[in-house]
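Both complexes shown next keep subunit A, but they swap its partner, so subunit B is in the first and subunit C is in the second.
Here is the complex of A and B:
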């Protein structure tokens, strides 16, 4: 049995530091999610408008954000905008900007999808029953939309958490960076630390994301 | 030398011409690893979804664990574990192989989910009806179940292909000279931020745009394949 380098984790404050790093990643994804969900709902609702101009602009925004890898977006904001506009942007701030832009785009598409998936006869039947427009939305359309939307937006949260691992590349000290530092600091004492520490990070991400995915799956099944 | 802010605002086309070949090479590497990884993930996905569809004992449980684990962890961390972690217990990995394996490990589970949802969307009554018409199990699969399942899986499949190609952008972290790596390198070396990022975006668009367009065309085409929908 080779040395797995797990003992490093129990030295000093290493485990606490790793958890702290995970905290940073989770915090950034949480902030981005909290901003992107309301914005996404707004834009998604706007996308169902008949106005061709708003439709075209929103579509363009969605496609641009979607086609670029998030890493490229991070580089564009962190290196590109700071150079072009001469402002100072920390890694964390760039990360929140990028994940909010991305999350908003994804969320708006989910909202649009959920809204147009409500068949027209639902609107017509409500009208036939004498419901006003506001009542139709309040009692008929929105409750159904929310049911379709919640599992999907929960999935968006796990995607966001997984994507935050990229912020290592723009110099934010999150869980992966902390892991690197710990491995570097202990390379003499335990040369195999890379195995144990990176495995721990993998497991930590799994522990953070899996329950959320399970919840989404459960709700999807239950509300079908 | 003048004010660096000022210089940054003028696009240096000579620089772009000079480093175009470097980006081209990097793009080829990105595409090569991407497609190799995707090809393996399709195989892995097919095997996994088959194990789940035919309810193969034991294998099915292993697949379920693999799918959950791979889908709920980021590719970057998987790559770090494969590239830096595995050699410590005596499994040697080189960067390119590691990229392919990492992508296949992640992609396999996404593909498996896409294929499985296609298969599961076909109601059991279709299989039962085929059998009662005198088809063998293989015939029913070949002529009834698979054609429908495939056309249902295509949108998810294309989304996965694009997702996996985008995920290749993390390979620079394990020092593969891909597009991200080249861009970061040039920014660090020459401070030609605007030009480096411009080339980066252009090359990613060259790779991703055709596939994205192909995906939406295919999706539109296949919408006719469904019955009554």
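Here is the complex of A and C:
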């Protein structure tokens, strides 16, 4: 077995530090997910409205967030708000704001897509069966939409977890930054540590994202 | 890594442009004066958390290194607590421009371009380029190189830029990463390797059979603390502090405590700037002996 330099992980508090870093990443991404999913569903439903004003506003919001790299958004919120308005947001707060804005925008487009993908005859058939509008949504449209949404939103959630690796650029020490710190602190003593430590980071991200995928699989099966 | 930094820098400037465009001009005083920092009881110092041995975090989660050694002393002499902020090469200027940190102590090389955006205090370290070669053929001057000799460099580094500008006839072998350049030298693909002198010195010390033939090449740059543009009270205090620390040979003590393990004692005089007093600019390819001599002359003054 090649020398992966894994022993550096067991020096001092390194193990606790790297797990703490994962905790920071998960906290920020999951708080953002919890806010952006309900908001995204609401905005997605609004996007299917025929009202041109709400349509234009939501479209503009979605496009701006989608075009901009997350790194730019992070800098804009963290440094930009200080420059423009003198706010002194912490790195963590800025990260949650950016991830929520991003998650909401992407989620709303997923919801819009899922809603409009339900064929018109589904609405017409339920009307013909005498269901009210509320009943149509409750029993026909929403269950089908949710089933279509699950794989897409799991994708978004795991992407949000992994993208937290960018927040080290605004001074938040998360799992990847702790990994880099450990590698560099042992540059002389264990020059091979980079491989082992990055491998550990990979495993940690996997452990964080795998249960979410499993949950999605289970739900998809159950609601078939 | 350098490429990543470049990408980050581009992103940063884009973000900046946008944040400027969003309107309202920034508050006039983004920074905190010396008195405000003392009153608050905490100073925010931006440092590297992954640049051993200058600024890094040890296995107990404590910040360590040459920059940190100075930072701790500054906090002690100011009588305030220190809040270390982990910065990256690409966002150091931005941290000062928004006043999110009071001082940057992150291996910050003084350049004219940066001096327009932040205020540098007196320097506390020298940096230059260096060239390492195998003991079997030590290269002491780039003029000694023959027709077929190739020089190893890492793409995007100051070494590459400097050699292209000043030695256009030299044959360069470019590598993307530290690891591949190291392999190339060990396999004899090139006759020598040019990089930051701290890097080549550390390399020669860790690897048997290699010598730094040219420890100082090109312009001699310095590393200094930086504060937000216009923060005169803090800048003046820093300058007085650095001068005063020179009297007790503080930076030599800092070198011995933090850098000696990596660079050995031989380079102490050429790397350390004591009390903010630098040597005269070095001629190209000055040898280590000349460099040390020049330092000693300055110190004698």
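As a convention for this text, the second predicted complex is superposed on the first by the 206 of 224 C-alpha atoms of A that agree within 3 Å, B and C clash if a C-alpha of one lies under 4 Å from a C-alpha of the other, contacts with A are read in each partner's own complex, and residues count from 1 in each chain.
Here is the rule we go by: a contact is a pair of C-beta atoms (placed from the backbone, for glycine too) under 8 Å apart; a residue touches a chain by one contact, two chains touch by 3 or more.
Treat the numbers as computed from the prediction; the structure is a model and nothing was measured.
Three-chain overlay on subunit A, with subunit B and subunit C in a clash. Using the contact criterion defined above for the overlaid structures, shared-chain residue A:181 touches subunit C, although it does not reach subunit B. By the touch criterion defined above, A:84 reaches both subunit B and subunit C. In the superposition on chain A, A:192 contacts subunit B only, with no contact to subunit C. In the superposition on chain A, contact of A:133 is made with neither subunit B nor subunit C. Once the two complexes are laid over each other on the shared chain, residue contacts for A:168 go to subunit B and to subunit C alike. In the superposed model, A:67 lies in contact with subunit B only, and not with subunit C. Of the two partner chains, subunit B is the only one touched by A:5; subunit C is not.
With both structures placed on the common chain, the touch criterion links A:158 to subunit B but leaves subunit C unconnected.
Residue contacts after overlaying the shared chain place A:205 against subunit B, while subunit C stays out of touching range.
Overlaying the two complexes on chain A leaves one subunit C stretch of 171-179, 207-215, 225-233 or 243-251 clashing with subunit B, which is 171-179. Residues 69, 71-72, 75-76, 79-80, 83-84, 86, 168-169, 183 of subunit A touch subunit B in one complex and subunit C in the other.
If you check the complex, the residues on subunit A that touch subunit C are 8, 11-14, 17, 69, 71-72, 75-76, 79-86, 88, 168-171, 173, 177, 180-188.
Residues of subunit C touching subunit A in their complex: 8, 11-12, 14-16, 18-20, 22-24, 26-27, 30, 49-52, 56-61, 64, 85-88, 90-91, 94-95, 97-100, 206, 261-262.
By the touch criterion given at the top, residues 2, 4-5, 67-72, 75-76, 79-80, 83-84, 86, 158, 162-166, 168-169, 176, 179, 183, 191-199, 201-202, 205-206, 209-210, 213 of subunit A touch subunit B in their complex.
Subunit B contributes residues 5, 8-9, 68-69, 71-78, 80-81, 84-90, 162, 166-170, 172-173, 180, 183-184, 187, 193-194, 197, 200-201, 204-205, 208-209, 212 to its touches with subunit A in the complex.
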